[in-house]
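To keep things simple, chains are lettered A, B, C and D as they appear, and every chain counts its residues starting from 1.
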């Protein structure tokens, strides 16, 4: 019963096999290997973007911060949601990589930027001319930090506002596959066709060891990106081991299949929770994360049995009357089993079922 | 016949097996897993340094730049050799991570800092008080970029000068195992016992996919290091995959055994080259890299057969009289076979032997 | 009728005379002159702080940004009011000088930080450990950007919260003299006795050409400050011309006398506005700035006669029904005359009095 | 007998008078005043550059660092002389403002960059592609730090090399007036006509309190410069006091007249020193600084009488045999009198003449 985060999961057998295969003989370093070419081609095909440039890094924070540094000068601001990963979970990496840009924090339901609020904030910025920071870029996360999904139309609405102000759009796609699968659209429709300039395409949370792709749909800043990546210490010499994973991930739609499984598990969990007495959902469950509240006694039972998840916000305590609800975040991954979900639901509902622990092979 | 760099080699089976084993079930992220504890313990044991703090990153540039950022404030300078990796091969990563510190470039044979020159340079710095940059840190590379090795006594001589000026010492140990094996000393003797404060302990060039350890012998700046690592995008969520590799690397002295094999291959290559008519060594071969010059016709034969290595400096050409020597860098790795070396030597000497291509298992 | 800002005023004759006197003969550069010593002594005496270190720079932005850079590391955040000068009017200078720290924006009446909100924000920061930015420093502005004044007790309340979290306190005192005079307290009571660690003591808005003092009540970071100042290009070679102005400013309480005059003018203006039909004050007038709203027709009359001031916020327009109120900011300075105030009040009230334009000598 | 530096001199009466005149009434801040327009027009006329953009700052370090930040990205290098002010005397300000660019240090006689060495260094940079820093900009100082002057042809030779590599050229003109007067050319011939893109035009060393102009002959980066200036804390609110000084400086060729006087004094001093027994010139005296060596006993006599100058390098001592020469730097300014020079020469030659101390009015 592990719902702490999708970054606690193992990788699927396809990824291990790809690493084993990539390990034969010598390979030229720094991305001059065949697997890297394969990745580039696969991304261009998957996104219907033959001109796009594609770069791999090992963490989502690196992907986001490097992307934003190419889009936003030091004296400008990045418009993002108040709870965006770039604001809350990267220890100031965007500020570091941009050379001291600001983040302008916006509201909006389910961690989606409210378009009206974005428009007003852009209008407000730089009214004092040289005295305050300038308009830099817009960054949205899809799927969002609250487990919701922007539709392509919603992305396009944000992009239009950005475009009207001459601003580029970055998408933090740490859970991009979950979003695309949820929206039932094509990758291109969710990105460049909806006005996104740069995508951080997550691999890690959805089944790789630590590989993210940065996709520059407009390749004009590609060389700058390469220099910033190297300078940030994010250019791998034995690059084939990143590329091999990403190639396996994209092959035969593995990335989409894994995201589907994670989303399905979350949907099952969400439906189960919603049906429990005293439980409520905090946000709609549109991807692989469930935010819900249920009575304290259910939490106590779950934690006693070793269920792993975070109370949300984290600084709450379990003490207090058993029937008062407490909120929590539960994240499913490609390897979350239905039995695990059902056992967890039974547990917080008062059940005593035993819980399976084996991780199944994916796609079997 | 692949001598381009040690970063073109595959990883040994032990490392693949460690990854496969690490892939079972869920693991807490960001270094809160058992493999990371094992690495910490193993490093402390190998270096006889029970207080040391140990952090993993994926590239040598990240290791060096993060280490220097903790040692040198923005308004100071890092003393290093003119040909140091931190100066020549990191696209300014130390300047980026320190917030704009300088590098003061020093001479010295075989890419080892000349102690007298270091002493004079330190004496010169900050003579103008607030008007110029201040003394920051000393950084040495061992084994050096020229394939030489500082002995523990030579390291201590550098450290004494640094210590007298109140400066910390960083060692870029991208090829640290090769240096230790070459010097026949213990890791502790080459580092903290000789006055080194922070070591970038290389794993990648010596057989991992992309793992380096930063060892802070003085743990007082550990928390700052952790924040800088996260902010630089170098904290891995699925940290177990870094730790598992490093743990395998340190287990049963695998790292030292692999470095021994690489050094032995280089020694064989170096001896063979020295014996060729018209060939000369540029530097003593003390680790796993050979710098030598031999007649152009030998280069032509080698390159025609697909031998991989870099002319050194890189911007020379093969055209010209066949008997004029050209210099080159040849790097051996844990998987360089004697047969490969011999075939290469025969080739540039005019032979026509066929060359084996299979990579052998290590330690067999 | 010039109420645009206190930075549009001339300097008083004492300052010009001090410059003329300072211009005799040679003087050692970079603060090694007698005037600089006099300033140091005068500040220490005025603030009853014999250990304080005192440095001069030419702009308030430099003073604030350098001060914050000494108090807040790159991976931390500065807590300040949502409308603080460091957030709204410095084009990201704090982010630049700190190396990419954040500013956490807080609410509170009259541009004073709400203590409860500060406490909650500090409590919230760094809950995710290494994943988000850390607690850095607290910065308050006194007098505030809304023309209000923190009492020493209110400053102490903020400082206590900061101190409990181990955070230093910076005060942006661009209008510090106006605040001290308004509160009727001693400079020491408003600063270090109330827990302030570093004060940016404004001279420019209150009558100098461009001189601000940074006062480090705790001198332990003095050398770092000097290096950051030099590196920022803010160390003057002909330093005597800064020092002579600041010395004249502090001599015979000139700074306090000038602030008193500005405050008195603002009080007269505020009282007059409050008495006008259809006019309201937006904030209490406690220093030298008045924020008020009055009918559009009054604005039209004023602007037609060339009265200088900013609508607040700036992006409003004069078009529309004449009886609808519009808000504005009116700033008085040491040389605002009662006649000017009265003429302005008469004008917006429908009068047609002619307006004097000559600037009177101060303290006469 | 004050030869320590030209930054120890007072300002001429014209500058004081300009300040007094500028002090009448209110003036719009931040450069929106009439004096700033006058300066812009005067610079454009003096440099025959009607499109140039002109910005004022208060220190040479700010002028240089801001200019270089607009010309050189963080991942590139500035080619400059080993003894350039930007390298030796700015505490890393260029590194700070560029966001961590490098400085590549070159040799050349009299602190002038050797063109061949520049060409080789540019050729060498970026040979390793993404792995090392890229080519950024070229910066030369005129007059140089050794008191020599580049002719327009020499500037053009440097610029041609830069242009061929696509690099912009910056000129540190802290003593630009001295250089122009010495070369007997027009300002345009020494700058944009010789390929200079940005000039830091010094005012401070040549008679202002602290004013430098940055002239962008190509105005395309003007807005970026304005933002960087503000963000660096170098935009003055009471800007008229900078502008008034610079306007007076440029009016009626005052700047050139003052530089002529300083150069003439240095020439007199240089000729006198060259004629002394045991004395030698270290560099040709082409501007207002004299570098010479003479016997220790002469130094002792001079220093006993309170003569002010720096031994060069600074860390030499006076102890030792009296007839052994010691080298020194002697800088003349607009107010150095012939009597002062003669008295100094007599003193080190063994004389005992009394020395005048009064500063004469300029241009009388």
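Keep in mind that, in the parts below, a residue touches a chain if its C-beta (ideal position, glycine included) is under 8 Å from a C-beta of that chain, and two chains touch if they have at least 3 such contacts.
For each chain, UniProt lists the protein as follows: A, B, C, D = L-threonine aldolase.
Not measured: the values here are computed from a predicted model.
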Distance-maximising chain from chain A (L-threonine aldolase) - centres being C-alpha averages: D
For the chain pairs A-B and B-C, which is connected through the larger number of C-beta pairs in contact? A-B
Just give me the whole-number Å value for how far the CA centre of chain A (L-threonine aldolase) lies from that of chain B (L-threonine aldolase). 35
How far is the middle of chain B (L-threonine aldolase) from the middle of chain C (L-threonine aldolase), if each middle is the mean of its Cα atoms, in Å? 53
Among the residues of chain C (L-threonine aldolase), which ones contact at least 2 other chains? 74-75, 90-92, 96, 99, 130-131, 227, 230-231, 235
Which chain D (L-threonine aldolase) residues qualify as touching chain B (L-threonine aldolase) in the complex? 74-75, 88-92, 95-96, 98-103, 127-128, 130-133, 313-315
Where on chain C (L-threonine aldolase) is chain B (L-threonine aldolase) touching in the complex? 30, 73-75, 99, 130-131, 134, 224, 226-228, 230-231, 235
So in the complex, the part of chain C (L-threonine aldolase) that touches chain D (L-threonine aldolase) is made up of which residues? 2, 4-5, 7-11, 16, 19-20, 23-29, 57-63, 65-66, 90-93, 96-97, 204-205, 209-210, 227, 230-238, 241-242, 308, 357, 359
